[in-house]
Amino acid sequence: MKGNSAVYAGTFDPITFGHCDIVERALHIFDSLVIAVAEGNKSGGVFSVAERVSLVEQSLAGFADRVRVEAFSGLLVDYAKKRGMSVVVRGLRAVSDYEYESQMAMTNRQLSPDLETIFLMTSWKYSFVSSSTVREVARNAGDVSSLVPDAVTKALMRRFPCQK
Amino acid sequence: MKGNSAVYAGTFDPITFGHCDIVERALHIFDSLVIAVAEGNKSGGVFSVAERVSLVEQSLAGFADRVRVEAFSGLLVDYAKKRGMSVVVRGLRAVSDYEYESQMAMTNRQLSPDLETIFLMTSWKYSFVSSSTVREVARNAGDVSSLVPDAVTKALMRRFPCQK
Amino acid sequence: MKGNSAVYAGTFDPITFGHCDIVERALHIFDSLVIAVAEGNKSGGVFSVAERVSLVEQSLAGFADRVRVEAFSGLLVDYAKKRGMSVVVRGLRAVSDYEYESQMAMTNRQLSPDLETIFLMTSWKYSFVSSSTVREVARNAGDVSSLVPDAVTKALMRRFPCQK
Amino acid sequence: MKGNSAVYAGTFDPITFGHCDIVERALHIFDSLVIAVAEGNKSGGVFSVAERVSLVEQSLAGFADRVRVEAFSGLLVDYAKKRGMSVVVRGLRAVSDYEYESQMAMTNRQLSPDLETIFLMTSWKYSFVSSSTVREVARNAGDVSSLVPDAVTKALMRRFPCQK
Amino acid sequence: MKGNSAVYAGTFDPITFGHCDIVERALHIFDSLVIAVAEGNKSGGVFSVAERVSLVEQSLAGFADRVRVEAFSGLLVDYAKKRGMSVVVRGLRAVSDYEYESQMAMTNRQLSPDLETIFLMTSWKYSFVSSSTVREVARNAGDVSSLVPDAVTKALMRRFPCQK
Amino acid sequence: MKGNSAVYAGTFDPITFGHCDIVERALHIFDSLVIAVAEGNKSGGVFSVAERVSLVEQSLAGFADRVRVEAFSGLLVDYAKKRGMSVVVRGLRAVSDYEYESQMAMTNRQLSPDLETIFLMTSWKYSFVSSSTVREVARNAGDVSSLVPDAVTKALMRRFPCQK
């Protein structure tokens, strides 16, 4: 059977309601998903890869039978090849997302022609939510509970205790 | 089984190598595709819906066992519902495509929350090819053979005989 | 007192929930608004200017004491000057809106340096709703009740009786 | 000698200060320019091709020894080939310009690989001026004298006598 | 009275003629403005928050009776709430500005639904001026006097004495 | 003679097939090119300016009689003035390139009105290739040989020996 599994990769630092929305949508198309959490920590990151994997697992507990969460390092195309996956799922929100995403998809296609990237649109409810926005709000002791799952809200509160 | 069929809708006036590229890519993900040719003729159109359906069929003859071509009128969401399809495939090239497509996808989601739109990126080889460009070139007796399948080149030459 | 009235101009063919959202937001900033309905009918329009004025009035009945609806023809800058207004309100949704709107604002500034244009962002709930989308859906007998006020839904159903 | 002449093509309906700005800039790079006025009249056009050629000639009279103005029909790539030109000049203003222009340049490159397109940026003073804006303002009896050369202002006033 | 005061927030490192232009425009709409200078220093910054507040005050001395300059830390939405302000002013230049600004405005709206963001367009004269460009030019001993107020030019020359 | 030489400036860390493509295209318009390699090392850079100059020279050896490679520091406008050059060449790929490039061109025009910037479009084959992508792939031991000239591939393999 074709196309019944796909990779959804990212840094997930932290996972947001926008990511969860994409997972739900992807599960309407694919039987199962591998959530691949990139190890590399960008500047401005908050959680270790182990913490991020754990937060993704807690946030997607409702889909546990169809979603597997893994850390990965190196290039996504190499990871997908090793795991025998041929479809990558990406979420799109704004135009700037699209520009970056299309360049990355084209590079991946060049490096691995058999790996197809498909894009899904995030619900408008979460179209303005990004991990970096969430981190910025949390660092300033703002309320992130409308932007991320409960487990993430709690983890952020532990990380940034009321500093005001 | 989930996600094993999808609709690829458009005016296809005429079908280009860019459209063919998207069909090939979609068939890596889905077992079968319905190519839905919109009846409505935009201003500046060239072929009737019957001609367009026929040109799509000829151009995709190599995938005949997995692709069905149909004309449709009315809203795509209603057509998909009637046919029991839950996934729409769209091709993306430039940023302006993305803006239009994302608005259309959001409207369709509002009208029919169960219909998911997925986007695939056209190969860079065809990322500048559009049906309107093809019509413009053909109207001016230019050579379209690098932009569209053979059947379309021939049909355009019959429609616009060497007028220079 | 400065800035206590502004013009919100457009074709409003028809008024949508997106327009209503902008009116509400503008009324948080200005004491009163003039809704200026452009007479010129673009290709693809549905309602006469008189009908459009009436639909705007019905849709904004709740703000009747602070909103006045008028038809106008000619350039917006001339209309604003004649009416003694110095601020124009515009709603923004997508990037393509912004490009068109910024060019128009710059032209108006060139023609009338004292006329300032301010932009407000439409709620994400309505960020994909446009009058042309509404007309397209209505023409194809789709359900527009989640996109436009009641008065407009009814007017569109009279205009496009169940043609399927 | 390489690169000492180029084609600057367009509809020029009518020529604006933005076009004049691009001509001046191109003459810093090339010894001479051919201004190629496309015959085809788009919907919404105002002047015949003969009128447009004449207005371009009057507007660029100061560069008469280095600029030749010609009408052309058909594809630009065919015209350039016939005239032995290998460089096309285009002006850029907004992002939407860029998207359309890059698609056209790519199509022309496909049809005629030896024809190179170069882009120059219009001065910010004229970055919001377009022929369609000028026509819109003139149709509504607005003052276009800050947007187009004198000859064009006069021609537009004859075409749209004070209709208010 | 509604809408007679607004917050104009930013890093202002340093304030440019583009910022001054927005202040002037905003004062056509609002009776008074609070210029809120964000304390956080981004990488690549030049001036301390105290220096930045002082440079803004010197640059806007002509509007001293209607403009108050303050440093702030934390989230803008919290600052606005504490100060009882309900309108935030932002300047727009390019499309990339718009994307970032619209995401920020949407996030702020989620965090504080009563806070409205309005956008004004910077004059084309300053549409290419950004604080980061100014810092880059100054670091390389270029002439910034056409980009920033006198006080800023002098401060930059003291900070980056003729290093060539 | 006008316009027979131009500057093509950048960080070239490292030079890619996309850069080579622009050089070739520019040599259809100009008799000679100066490739100006900026000394400043951005964060995330890989090669020293001497290494970058050398890699550019090796990669463009086939054009050695018409191309000179130089390191430069400070502002490009100052460098061009000192060298007596009046045209800067830039390559364009995506829309985001265009936004950044147009802002830089406008700033340079403000600082040095006689310096003209012209843009050429990178071949679609290389439209997704950027130096930062190349560095990312090389760092993760991916195969970059389809993205950069041989000399660069070898230099990257020495820099990032098989770390997996």
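In this document, chain identifiers A, B, C, D, E and F correspond to the written order of the chains, with residue numbering beginning at 1 in each.
We adopt the following convention: a residue touches a chain if its C-beta (ideal position, glycine included) is under 8 Å from a C-beta of that chain, and two chains touch if they have at least 3 such contacts.
Since the structure is predicted, the reported quantities are computational estimates derived from the model, not experimental observations.
Asker: So which chain is the furthest away from chain A, centre to centre on CA atoms?
Answerer: Comparing chain centres, D lies farthest from chain A.
Asker: Where among D-E, B-D or A-B does the C-D interface show up again, with more than half of the contact pairs the same?
Answerer: B-D
Asker: Counting in whole Å, what is the centre-to-centre distance of chain D and chain F, each centre being its mean C-alpha position?
Answerer: Chain centroid spacing, chain D to chain F, equals 31 Å.
Asker: Would you kindly tell me how far, in whole Å, the mean C-alpha position of chain C lies from that of chain A?
Answerer: Taking the mean C-alpha position of each chain, the two centres sit 38 Å apart.
Asker: Going by the touch rule set out above, which residues of chain D reach two or more other chains?
Answerer: 94-96, 99, 102, 106, 124, 127-128
Asker: Strictly by the criterion at the top, what is the full list of touching chain pairs?
Answerer: A-B, A-C, A-E, A-F, B-C, B-D, B-F, C-D, C-E, D-E, D-F, E-F
Asker: Sort out for me which residues of chain C touch chain E in the complex.
Answerer: 1-4, 25, 28-31, 86-87, 92, 95, 98-99, 102, 105-106, 109, 116-121, 123-124
Asker: Under the definition above, what is the set of chain F residues touching chain B in their complex?
Answerer: Going through chain F, the ones touching chain B are 94-95, 124-125, 127-128.
Asker: Show me the residue ranges of chain A that touch chain F in the complex, using the header's touch definition.
Answerer: My answer: residues 73-75, 77-78, 95-96, 99-100, 102-103, 106-107, 110-111.
Asker: Help me check something: in the complex, which residues belonging to chain A touch chain E?
Answerer: Those residues of chain A that touch chain E are 94-96, 127-130, 133, 137, 140-143, 146-147, 164.
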